[in-house]
Amino acid sequence: MFGNRVEGLALTLPAAVFAAALFLLPVGILLSEAFRTPEGWSLSAYWDFFASPRNRTVFWRSITLAAEVAAASAVIGYAAAYAIVTLPPKARGRVFGLVILPLMISPVARTYAWLVILGRTGFVNQALVGLGILDSPLRILFSETAVFIGLLQLFLPLMVISLVSAMENMPKDAIPAARVLGANWAQVFARVILPLTREGLVIGGTLVFTGSLTAYITPAILGGSKVLMLETLLYQRVAVANDFVSASVIAMILIVASFSANLLLKRMASARRARA
Amino acid sequence: MSEFLSLEDLTLAYGGSVAVDRLNLGIRRGELIALLGPSGCGKTTTMRAIAGLLSPKSGTIRLDGRDVTRVAPSRREVGLVFQSYALFPHLTVFENVAFGLRLRKEGDLAAKVAAGLATVGLSDFADRAPAALSGGQQQRVALARSLVMNPKVLLLDEPLSNLDARLRLEMRLELQRVQRETGVTMIFVTHDQAEALALADRIVVMRDGKIEQVGSPEQIWTEPASGFVADFVGFETILPDPETGGALAWRPAAVTLGEGPHRGVIRGASFAGAHREYVLDTALGVVKAETPASVPPLAPGAEVAFDLPRARAVRLASA
Amino acid sequence: MNGRLAAWAVLGLVLTFLIGPFLIIIAAALSAGESLAFPPQGLSLKWVVKVFEIESFRASFGVSMFLAVFGTLAALALGVPAAYGLNRYRVPGAEAVRTIVSAPIIVPGIIVGLALLRYLVIPTGVGIGPALFLAHTALILPYAVRVVSASLENLRTDIEEAAVLLGCTRFGAFRRVVLPNIRGGVLAAFILGFVTSFNQVPVSLFLSGPGVRTLPVDMIAYMEINYDPSVAALSALLAFMSVAIVFAAEKFLGFSKYV
């Protein structure tokens, strides 16, 4: 009954054509912009981009920060996920709900909260000065630390979700079995938990890394022009200098990163399906 | 043409490969037909083609004097009770049965649905959700949903296979009663020869997309036309017949154990209540035999004499 | 028992880190003072009231609402048929269609916004408003296709055949039998699309002009100039709105099983 190809195409083509016209085409032209020079096609825009020390700084800062956020969320994520799966089912559902709740809230609101907390008259400084630990408020905002904190709060839930579902799929008696065999906690983690949840770690890590790498709001609000990252640099190049060539190069970097991450995730998902 | 439904040179492809190959079959009005065969023999594909859910590659389907080969399923006046019942989960039992009637904008809806539910003994369940019914009850709803449409042909896909043994007998009687009362032409698909024998007026045995034999249950049971059909209805020992060049087939009960010209070794024995079943390794090949339970058992590994009496064998054109 | 205690301690810290900032925002929003601070200088609702008085917030809230509602509806209008076609038919090039339709998830929003500004708005003279609408529709499309596909996969196909045999056309079978049974999935897709669109910043960053600006972009612009608690009040209100929507959705349709 569902053999009719024409009907199938009629149903799917509008969406495909729409997405192609609004995404593939304009984005493709934008990406091609860096390769087009008055003398024909060339890679010189990429050389020029990376020749600038500021651009190199932004590039490495984005990658380093994203990696740091991913690493920190992995460490915290394992502790949190393990704590969640050991809870009784009812409490587990509630705590899990609280962990993913922030994902539904506007990232602007989530980031803005840190402005209140880390600002000169913010919570942290008031506390430090009030307790006599510091004489004058610390400058935390507009630093890499502020961006790091903001990104970690934004993306930690994704890591926790991945690790919780990986741990729920772990054989129930694996940990007690290893304990009975005399393993200490470090050994249990390295020999049992880590290998059995590696997939969840990779999935969570990829989501957090690409999320941080392609973030705009957090570096814009908490980093400002002092701590530019790739997306804020892109915005600045276009808004301030009308520099579409740099924008095109940055777009390529972001798309390649995000596309390879997606490919990795898809491969992991299909490998999992093949095993199931 | 006296046939009510006829399939002429019907060829069906399914997923690129030919599932049914130039099939010819005539069915009379009011008959209860079983399409019998192992999975993959093309019986379900044939049924779907009759319903119009599958377009034939070639050939003709004629129903009540009309060529319906290219007619949309919704206009064929053919009912189908799916193996999984396919009740609409979002509708009550009443609304499931009323579904087709509403589309036809028929009057007297409530009375017709009530009559349909009464036919299958579910009058008290009209307001239930399908998920709140047992498998057997769901099947009756599906049956009522098709019957109220007064289909010219009612198709049933493995109507008994999802039911437990007790319900199976009940449903068998129910289907026969419904068929008697409504006179609807019924075709059901099954892989179970016992079901086909017990229920059908005529049985169509299919194999690899072709018809192997068509006949009454008695004919199929006593005069299988081929080794395949013979094996399917329980002639478990089939040996070539040197006299005719054809083959001979015996049911286990037709094999004499304990005396005779041949010798064999008992490889397996099992007790089946009224009788004991044996598998023998012999010079002729594997022979399956049985004895009444009252006969003392034979031990596996023992050598035993046996006979394959020609008088109790059926003759086949080929093995 | 020690383990249980440690587990709660870890969760306490993590939840404080994740949820705590919102509590601080709420406190800051209720401040009676003139500038952003915590702890608040006295309690009052004046900043909450002020949010509703700021003209640009009212306008941009309208824009964001419009985009979230109608962008999601448009994405569903494209996405539901596409999901149905991909799940029920053997479509030639199905894999390519799937990839193209889900591309908007892979491409960072800021690039899409920039590309549309440069190659759609500027050359063709299409307004910022329509461009925003198209961009948001495309952004939500992958979610619509994914969530609706998931509920179609859980729906048996033989009920459509049964409906056709009882007299429905193919479209009739879809409308009477498929749609009522995937209603939960479609509603979940709507909510997910709505929240995604409403919270979206990067796509809308370049696509903003006089009178057409989404609320989150407007908030960022406002906080670059002003350092008063009105954005805190607005953030708190938005957080409440999201939480209320998701909570209601979870309560009435078990939202989380679709996402």
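For clarity, chains are labelled A, B and C in written order, and residue numbers in each chain start from 1.
Note that in this section a residue touches a chain if its C-beta (ideal position, glycine included) is under 8 Å from a C-beta of that chain, and two chains touch if they have at least 3 such contacts.
This structure is a prediction, so every number in the text was calculated from the model and none was measured.
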- Select, from all pairs of chains, the pair with the highest number of C-beta pairs in contact. A-C
- Chain ID, smallest distance between chain and overall C-alpha centroids: C
- Let me have the rounded angstrom distance from the C-alpha centre of chain A over to the C-alpha centre of chain C, please. 18
- Whole-Å separation of chain centres (CA-atom averages), chain A against chain B: 59
- From the C-alpha centre of chain B to that of chain C, how far is it in Å? 54
- Among the residues of chain C, which ones contact at least 2 other chains? 161, 164
- Query: chain A: which residues touch two or more other chains?
  - Reply: 1, 3
- Message: Can you list every residue of chain B that touches 2 or more other chains, as numbers and ranges?
- Response: 53, 73
- Task: Over in the complex, which chain A residues touch chain C? Could you list them?
- Result: 1-5, 7-16, 18-20, 22-27, 29-30, 76, 79-80, 82-84, 86-87, 95, 97-99, 101-102, 104-110, 112-117, 119, 121-123, 126, 152-153, 156-157, 160, 214, 216-217, 220-221, 231, 234-235, 238, 244, 247, 251, 254-255, 258-259, 262
- Message: Give the list of chain C residues in touch with chain B in this complex.
- Response: 156, 158-159, 161-169, 172, 176-177, 180-181
- Item | Complex interface listing, chain B residues touching chain C | 51-53, 72-74, 76, 78-80, 82, 84, 86-90, 99-100, 103-104, 142, 145-146, 149
- Task: Over in the complex, which chain C residues touch chain A? Could you list them?
- Result: 3-4, 6-8, 10-11, 14-15, 17-19, 21-22, 24-25, 28, 35-39, 78-79, 81-82, 84-86, 88-92, 94, 96-97, 100-101, 103-112, 114-116, 118-120, 134-135, 137-138, 141, 145, 157, 160-161, 164, 170, 195, 198-199, 201-202, 205-206, 216, 219-220, 223, 231-232, 234-236, 238-239, 242-243, 245-246, 250
